[in-house]
Amino acid sequence: MDLILQIWHGSGLYQLTFGQALMIGVGLLLLYLAIVKKFEPLLLVTIGFGGILANIPGVEIATGNGLLHLTYVVGIESGAFPLIIFMGVGAMTDFGPLLANPKTLFLGAAAQFGIFATLLGALGLTALGWMDFSIREAAAIGIIGGADGPTAIYVAGKLAPNLLGAIAVAAYSYMALVPLIQPPIMRALTSPEERRIEMVQLRDVSRRERILFPLLLLLLVALLLPTAAPLLGMLCFGNLMRECGVVDRLSFTTQNALINIVTIFLGLSVGSKLAAEQFLVPSTLGIMLLGIVAFAIGTASGVLMGKLMNRLSSNPINPLIGAAGVSAVPMASRVANKVGLEANPQNYLLMHAMGPNVAGVIGSAVAAGIMIMFTS
Amino acid sequence: MEVTLLEQGLELMLIGMGAVFVFLTTLVGGTSLMSWLVQRFTPGADSSGEVADEEIAAIGAAIAQHRRK
Amino acid sequence: MDLILQIWHGSGLYQLTFGQALMIGVGLLLLYLAIVKKFEPLLLVTIGFGGILANIPGVEIATGNGLLHLTYVVGIESGAFPLIIFMGVGAMTDFGPLLANPKTLFLGAAAQFGIFATLLGALGLTALGWMDFSIREAAAIGIIGGADGPTAIYVAGKLAPNLLGAIAVAAYSYMALVPLIQPPIMRALTSPEERRIEMVQLRDVSRRERILFPLLLLLLVALLLPTAAPLLGMLCFGNLMRECGVVDRLSFTTQNALINIVTIFLGLSVGSKLAAEQFLVPSTLGIMLLGIVAFAIGTASGVLMGKLMNRLSSNPINPLIGAAGVSAVPMASRVANKVGLEANPQNYLLMHAMGPNVAGVIGSAVAAGIMIMFTS
Amino acid sequence: MEVTLLEQGLELMLIGMGAVFVFLTTLVGGTSLMSWLVQRFTPGADSSGEVADEEIAAIGAAIAQHRRK
Amino acid sequence: MDLILQIWHGSGLYQLTFGQALMIGVGLLLLYLAIVKKFEPLLLVTIGFGGILANIPGVEIATGNGLLHLTYVVGIESGAFPLIIFMGVGAMTDFGPLLANPKTLFLGAAAQFGIFATLLGALGLTALGWMDFSIREAAAIGIIGGADGPTAIYVAGKLAPNLLGAIAVAAYSYMALVPLIQPPIMRALTSPEERRIEMVQLRDVSRRERILFPLLLLLLVALLLPTAAPLLGMLCFGNLMRECGVVDRLSFTTQNALINIVTIFLGLSVGSKLAAEQFLVPSTLGIMLLGIVAFAIGTASGVLMGKLMNRLSSNPINPLIGAAGVSAVPMASRVANKVGLEANPQNYLLMHAMGPNVAGVIGSAVAAGIMIMFTS
Amino acid sequence: MEVTLLEQGLELMLIGMGAVFVFLTTLVGGTSLMSWLVQRFTPGADSSGEVADEEIAAIGAAIAQHRRK
């Protein structure tokens, strides 16, 4: 009979807290969004499942010597996983549209305003006494506005590891929700005429330019902002492998087996930070709230910059592509394309939006470097 | 000390956005210069034709790899 | 001359013990079984080769800072490798036949009797004074009867790391020998009429059921038996990736590059535990003996449960598929199919046996969770 | 203490097999209920057609990946 | 204003030393050789890029807790990466030509004279007071003459970690330059008649011989020279997976995803040792100088051994294939083929050169084992 | 002690090259013996035909894997 009692006391049903049940529900919700709604499935499936595992009472997988705790220490705390993902992103990114129209980098710069506005917002909530974020925590929260998962995880791992779960979930959830969050803002800030603007076709970009671009970017980062060099260095390395044409087998593995393996363990590890006692705290609510504000402000500032550039530039620029400056590659480009098509059925903005879209990746890595430099 | 957290944040925002713009402006300049130099010193278009070649090479390599296996 | 003497003293010939020579022979035997007889080659090639490397005197690869010792610590002691293999197994497993006929889960349950009978046997040998196994060691030995390599390694790593080499070799060797061990037992316990029984064709299983099943299994494990949650959680995660249809690239990598890489290092690491001084001890003989008893009892109880279910059920059930309940996927199913065909050339049991076969994987993971709960 | 190792093992065997059966019985029940609910609330067969589609999609994706490379 | 000053002080431009600028130039040069000249691109792209990252002042990626420092510790110091690469090389190597003509192993033996001559050269420079190499350092430098990257890195990691960057760069650079270094030496030491010699076609080698060869090699190493067993053991393991025909999926992953992933991190990790303050020291110049001498002597002694064997053997042997004995697979074989074709347009030496070429891999691993045995 | 580093190196060179040759000579002998035994006790050529079979099997497996996916 003792043994049966021991089974019962060891069972999840006996030990389950309300918070854990709630978090298992959150995990199931993330899986639902990923599988049924097809929102960012690569990350939401893995994070969601990791979140469920982390909230099973009595199971040693997300804590102690458990697998997910080990991968968290080895891969997230060290920054290794986000850096490897960035290498993979580099190997999968075509900088051609950006090279064909480098001015779209300004759109990628403008959209980073969401990051800094959110930083200020987080400090404002603290000043009001509603939250209690340090400047490092506020900086890590702001990066959610960069709409770039690995950057957010990398920065949170360095500046505010205690908030990493909430920040990662906010970043990926809102990236998943980009098709819902962005269009109303884009429509509100542009006139139908602006949305109808067709853009000049992009020129072909030579292989030589494609090879030199990652090296140029690396050297600029090295000289101007070394704290952004790990992220952007790995991005450049991946892209150089892709474009140089002599290491195709390395590039192929980076884009497939390697990034897939790391994505699985990154997702599960991040999910392992969704344990109820860590996640169900008031600051999570604040982070979720600030995160959506960050996305909205980033979208708006990208669009407004697009309007400004359209007035100043000789070639017409459709301000909708400014919204793609937040990153969230390639979803934000697709959104810009879709909203453009609504206004003008001949207006294919997809390739034009890819320029600011990848510029947004660079821009938020730069912002991340600045945050790390000033607060650590 | 009277510098509040909020003032610190404001300063970080101004400097930060400034730095982002300075960096990306430099990158726009550098990229434009690089492209101009490449186009000036490279005769003929080298992009479109090559892609097709690469594709053929990739398929060839895949077949070869299969055979080798 | 000193140097030549130093070469001679450093040479394997000079240092080789009789035990090491014997173990190199065992390693070659495992390679022979794998390559010529094609018995479980993925594991026997890697374990056999690792065993040879571990018995070369004077070579630092299985000890100290050697590669295989490092992979052992990182991958086996931590439990990481068996868990990742389980994720891969999940991604490769089709639970369709089980979902079409869930009652076959009872066959998978019955076959686990081999595990507990062997536990008792190991304690019996200890009571007789022939061996000296603690209850933890007996539990780890019992798991051999689960006919599931990663489960056996996971449990041995937790409960009896000193016996890991012998347990893993026993588990994989007997899994390899399933086509020799099972048929006589199956024939002895069934009548020709029973072996001839044809079963009703399985219904189609919808994608929605396939997606919900791993989640259902995970939640049940979470609520009832958290100590089984790491193993079954990873199995469910792999299966969810397989079935959900939105992360095919992760599922593909899990089934290929990732499981292959881990299999290589798991096999070599397990092989590194075949060093003569650890392996050539009386307990190894006991483990090999108990292991085959475990397989035999598991097979028998699966078949007997099949006979019972055939009498109670409205649809006919061929008791041969009960033997597949021990796991050893998919070999045990093929054996059931082959013995069935002998009795009735129209009798294709393969798909019917896959249900109890995968049920056996779940069943032995459940038994493993119980063992871990009660003895640690 | 008079509880021998063997008695401990016997108890573990009984409880263990019991727990395995309880767990798998619950799973049988849960699975049957889940399948019943799915079949009740899903109109039409959704399995056979989809598989073919998926296969075609997989091949298409493989070709596309090749081209992209 | 303080913050702007902080940016400036944190910037690379402010902190950059002359040495770092120079080393960034060296990194760019390696990239140029790899991408434009197509010299050993898999390694020179990764090492070159790692070298640039390591010389960006203020960036924490090659030091402290940075990713490249971690991969260096985990993969290079432990010897894991070179061993895994050797496993991959084994899985990619066809020992058929060697088995068809085992006498070519003598050519692979002779070419290792470059290793030992360079060891002596390094000690000579020390005796002259120009350099200050210990015997362990001299041994590690000598291995450059083995023309085998992973062997050089493995030995340097064990005997002279402080010189690892220079040794690896020398080894891969000269391997890349084999088409320039070898031909003049080969022409100088052979007469046109010798270069014209056509060789008898190689016999078919049965699958059974191919399977037994790696086991034979392993057992010989085990018995005679255990310090070479980690390297040659992994080579044999990879080759056994390739040839045994029952673990094709493991062999495929070893030849693709696994070796590619390890190559990326090995290259970056080695590159991280190109930090200016470590690399720009007088000993680097000595190592670069000794390395090229090692290649030249190895080539010469291979060719001379070829001449000798041609006189003694009943079947004609073209001495050019002796040059392939240095390793540098398959580049050295292609060079032998090309120089042979110049003298006789019907003379296809490629397959004949593959024998000594893979023999050179074995030979330098044996030499490495001897170095490790005697100096550690 | 009068043994200089250089003498040590010279000795290492002689012994080392000797050991390389001894090892590879043994390997030549072992390989030749192994090949002779295999050819003596294996009837018929088993190499050429098999390769083609393996290739076909590899392609078949790839297609099957595709279908399964």
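General remarks:
Going in written order, the chains are labelled A, B, C, D, E and F, and every chain counts its residues from 1.
Rule of thumb we're sticking to: a contact is a pair of C-beta atoms (placed from the backbone, for glycine too) under 8 Å apart; a residue touches a chain by one contact, two chains touch by 3 or more.
Remember, predicted model here, so these are calculated numbers, not experimental data.
Note: the chain lying farthest from chain F is A, by mean C-alpha position.
Between A-B and A-D, more C-beta contact pairs are found at A-B.
For chain B, the chain with the farthest CA centroid is C. To find the repeat of A-B among A-D, C-D or C-F, check which pair has over half of the same contact pairs by residue number; it is C-D.
Because chain C and chain E carry the same sequence, their contact can be compared by residue number, and under half of the numbers here are used by both. Simply put, chain B must spin 120° to overlay its Cα atoms on chain F, rounded in steps of 5. Look at where the CA atoms of chain B average out and do the same for chain E: the two points lie 33 Å apart. Averaging C-alpha coordinates per chain places the centre of chain D 46 Å away from that of chain F.
Taking the mean of the C-alpha atoms as each chain's centre, chain A and chain E sit 41 Å apart.
For chain F, residues touching at least two other chains, in rising order: 12, 15, 19, 54, 58, 69.
Contact with two or more other chains is made by residues 3, 7, 224-225, 245, 248, 252, 256-257, 370, 374 of chain A. On the side of chain B, the complex with chain A involves touching residues 4-6, 8-10, 12-13, 15-17, 19-28, 30-32, 34-35, 38-39, 42, 45-48, 50, 54, 58, 61.
Contacts from chain C toward chain E in the complex involve residues 3, 6-7, 10-13, 15-16, 24, 28, 31, 34-35, 38, 41-42, 45-46, 49, 52-53, 56-61, 65-67, 70, 256-257, 260-261, 263-264, 268. Within the complex formed with chain F, the residues of chain E that make contact are 98-99, 102-103, 105-106, 108-109, 112-113, 115-117, 119-120, 122-124, 126-127, 135, 138-139, 204-209, 212-213, 216-217, 220, 224-225, 245, 248, 359, 362-363, 366-367, 370-371, 374-375. Those residues of chain A that touch chain D in the shared complex are 3-4, 7, 248, 252. Remark: chain C residues 78-80, 83-84, 211, 215, 218-219, 221-227, 229-230, 233-234, 237, 240-241, 244-247, 249-250, 252-254, 256-258, 370, 373-374 touch chain A in the complex.
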